[in-house]
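Just passing along the structure, written as structure tokens.
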Amino acid sequence: TVDYIFKQIFKTALKQLEAEKKKELLVSRKKKSEDTVININGEQIGAGTPTFVFGPCSVESYEQVAAVAASIKEKGQKLIRGGAYKPRTSPYDFQGLGLDGLKILKQISQEYGLAVVTEIVTPAHIEEALDYVDVIQIGARNMQNFELLKAVGETNKPVLLKRGLAATIDEFIHAAEYIMSKGNENIMLCERGIRTYEKATRNTLDISAVPILKQETHLPVFVDVTHSTGRRDLLLPCAKAAIAIGADGVMAEVHPDPSVALSDSQQQMDIPQFNAFYDEIQKFMKQYELKA
Amino acid sequence: TVDYIFKQIFKTALKQLEAEKKKELLVSRKKKSEDTVININGEQIGAGTPTFVFGPCSVESYEQVAAVAASIKEKGQKLIRGGAYKPRTSPYDFQGLGLDGLKILKQISQEYGLAVVTEIVTPAHIEEALDYVDVIQIGARNMQNFELLKAVGETNKPVLLKRGLAATIDEFIHAAEYIMSKGNENIMLCERGIRTYEKATRNTLDISAVPILKQETHLPVFVDVTHSTGRRDLLLPCAKAAIAIGADGVMAEVHPDPSVALSDSQQQMDIPQFNAFYDEIQKFMKQYELKA
Amino acid sequence: TVDYIFKQIFKTALKQLEAEKKKELLVSRKKKSEDTVININGEQIGAGTPTFVFGPCSVESYEQVAAVAASIKEKGQKLIRGGAYKPRTSPYDFQGLGLDGLKILKQISQEYGLAVVTEIVTPAHIEEALDYVDVIQIGARNMQNFELLKAVGETNKPVLLKRGLAATIDEFIHAAEYIMSKGNENIMLCERGIRTYEKATRNTLDISAVPILKQETHLPVFVDVTHSTGRRDLLLPCAKAAIAIGADGVMAEVHPDPSVALSDSQQQMDIPQFNAFYDEIQKFMKQYELKA
Amino acid sequence: TVDYIFKQIFKTALKQLEAEKKKELLVSRKKKSEDTVININGEQIGAGTPTFVFGPCSVESYEQVAAVAASIKEKGQKLIRGGAYKPRTSPYDFQGLGLDGLKILKQISQEYGLAVVTEIVTPAHIEEALDYVDVIQIGARNMQNFELLKAVGETNKPVLLKRGLAATIDEFIHAAEYIMSKGNENIMLCERGIRTYEKATRNTLDISAVPILKQETHLPVFVDVTHSTGRRDLLLPCAKAAIAIGADGVMAEVHPDPSVALSDSQQQMDIPQFNAFYDEIQKFMKQYELKA
């Protein structure tokens, strides 16, 4: 019928408009074909060699962070992560040291020559945090906290944006667009596992999201092997898979004494485990680099 | 066997420990056995008779909201919903009228004698919004925006908290606890569908969450039939199911001309559909009331 | 471009073909607009008044089934369920009594005047089972065991087809089509919860599947409140929701002593709980019937 | 505190009980610590070097399978896959050539010196199939078709068992146990993606299932990169990730002309794509082997 034909023409036109709209996204590969490379503390993120971001889940004390920082520095790595503001399921769980945590991170940063990656959870904290952090992390629970995305988009700090717990890849890309639409082009995406029915792991690492994100956007893509699995025994194999599939970086949690950690005690590596992890991944990387 | 007996003792002890932890939550039924009843504009929410919250997805103009308000008032209902700040997947989608939208809602509220339910998306907007709104809605994407939860917890406005897209019931309850822990006891929970593999509906209405939330907490529980299904043809049967299973209220979107709506055009009812929906649900309610 | 236009024309044509294909499904409402009504043991299933199917998870002994049968008969109900072949996760769990179980069911059927609903798990069992059963149940794990579907499609026994653990509604409908395409038109569909990330319930009852299945097909639709929730405390509210949303029947498990049940001990009702459930649901039904 | 100590004792005891139960599984690593190696057509599966299984989704004609077989043989590979019995969502979709398909596979097997992997969907087909096939595949939809599992467990053919669409890892392991409990020890597990909310891929490849299955069982573990992604552009990166994480083999679909394929036309590689895929994966493997 004529009605049907018209309807189809409209649909087609609509789809074309949507396709063009996608083409317009600032984060899209269509808009900019070459890879975005972000320089942080001398590390060229997205330039071909995987970057590592290690550190404790939460900042608990100067000594705790320093122990990890020393181990990171010793390995020649350039970044450290640690949470000062912790989004926790219960209001009665440890909420992070806040500004005191940022101060510890800053001090560590200066003493060990490491760039600091830390989560900011609300626009009101940004201004204060700018003096203390090198990379602003947006956590999974805030991936669609659009006011926060816009606010970090107005800063000139690199942003590490984590995928939401049940966010589609399309929603993830649009969340990055919120940031870039405000002028901040230094965005790193981080796959951290999605929520599924499977309970053998804390979340399900959606490894194929990595090549999709690399195709669809020009941004560096990280894999957080700690939160995606929630299991220490899976950190190494998952880090290898991440690198093999083309991730620009890997994130993993390290704590000097995980058993007394105030958050995520089950999944952080201690220092000897960290050393073993790093040795193995370096061996893997060495063969892997031959390919390039 | 001895093994079996030990196992049972362990299980029992474990459950007791968990139960004790839960007992401490302010929102829990164990802490307060009687139902929380919230009085808004003369409507006793949670007192036994289901409450309805109708209105457009977004506030687009005075005329648009007024058309819906007139229809709500005519039915003797007391609340209206409408979004002034719209969390949208893309930064290039309509973002809501903001403060102008709140002003329209306030004017409508005064002219039609309706209480206004509207979403607030960031702590910075709260103070300004307090003069314009009767109920603060926290949307699904912000269910774990803990700074926002704490901020609304410090106001004395009733809060309608929506379940996150992939939040567990336990996380949902703890999100409510964030609000109540700051002193605000007037909280309504709203099941709005969860994200699953099934694509026949926009989300999957988790109807059994209603009796679980009623058991575990003393708070009123709503069902948003619009967002849980995303289909106009399912609004009426799902509203019946919600009432039958014990929901304290039902939320549904109404727009004078859904085809030109700036958001959610596929799922809002127009005024005649709204009238038919309301008639049918009233008929259903009348028989249902006999039971009491 | 021309390429693009052609591509769209092809897509459109393809979609139309698919739509027509759907129209051709024998189970579809488009093929047959009136409701299919199935007469089993004097019960008119799908004719307006909800049907109930109660019984133990597994047949364990004559006495066990007889105790439940007596209670069902006392209530004036006409069907009993019970598993003789049990699909269990582990090969070391109780696998059912097999043919001996069918014989117990047959004896009960004759003594109490109840029609027997029981699961068949492989084509090779069908011929033998035909003498013992009134309704063949196809379990969730076998919803896409297409050889089994075709085999029951070649019998003249009514079939109760359960939705797969992660089956889409579309796959569910096509599974029913496998049966009907072989000539058996007496099919009942049964929503029994889908697998999601939420663990407060064993599965997530997809209540909105009921009106969708009623729209898309002409078949009676049941809700299994036991397997969808896995919780005794949710059976009654979910049964009410199922009836309110338009289900043609409700299925629930009853065992004389659930604590010693060889399967599903956590979720079956004992006889006093069954009596209370039945009283409440009858009260609910009485008001509900007024509507018609 | 005393409470805490009790809690720890309980937890430990519980875990021990569960661990003991698991220890009893024949497929478990606890029962047999060394890797199971399966010799098929001279290929040592599970012995360290990844095995590849290529071939069309469905057997459509002698010429079609021969074209793929020639390409596989040319690469020095030893196995070919192809479906003669196709479990399809709709009864009106191509259902496979059945016995004629098996005969084609057998002829190809003899002419090209390749071992045949093909799916069997019901116990009644097994005896007939034994003369034609080298490896029996159990498809995702039949992972919990326990009668089929038991029946293949009674043969002496190697079995490739695919994970169900929404099966937990625990259920997957127990499905393998059904087979082994009947005496057949030559079982290969195959991760093929799980059903989640994400629609950018056909399923979500659960890559971390590979190291978990390797830890929990002594069986070889494959990854089906075709069904897990449903996208030709993701086959190569996902194959690399599979090998890097420790998979014993990779499965992918190849068709001489995917555009006319009777099933899965969107996701099969044509011969030039297959050649390119194979070259790339061999390059990747060469560096990778250095590590050993």
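Labels A, B, C and D are assigned to the chains in the order they are written; within every chain, residues are numbered from 1.
Criterion: contacts are C-beta pairs under 8 Å (C-beta built on N, C-alpha and C of every residue); 3 or more make two chains touch, one makes a residue touch a chain.
Values in this document were obtained by computation on a predicted structure and should not be read as measured data.
Just to note, of B-C and A-B, the chains joined by more C-beta pairs in contact are B-C. Farthest from chain A in terms of Cα centroid separation is C.
One inter-chain figure worth recording: chain A and chain B are separated by 32 Å, centre to centre, where each centre is the mean of the chain's CA atoms. Separating the CA-averaged centres of chain B and chain D is a span of 45 Å.
For chain B, residues touching at least two other chains, in rising order: 166, 170, 195-197, 199.
Those residues of chain B that touch chain C in the complex are listed here as 166, 168-170, 194, 196-201, 204-212, 215, 228-229, 233-234, 237-238, 240-246, 283-284, 287-288, 290-291. Partner chain D is touched in their complex by these residues of chain B: 3, 6-7, 9-11, 13-14, 17, 166, 195-197, 199. By the touch criterion stated above, chain D contacts chain C in their complex at residues 24, 87-92, 121-124, 141-142, 144-148, 150, 165-166, 170-171, 174, 177-178, 181, 195. Those residues of chain A whose C-beta lies close enough to touch chain C in the complex are 4, 8, 11-12, 15-16, 166, 195-197, 199.
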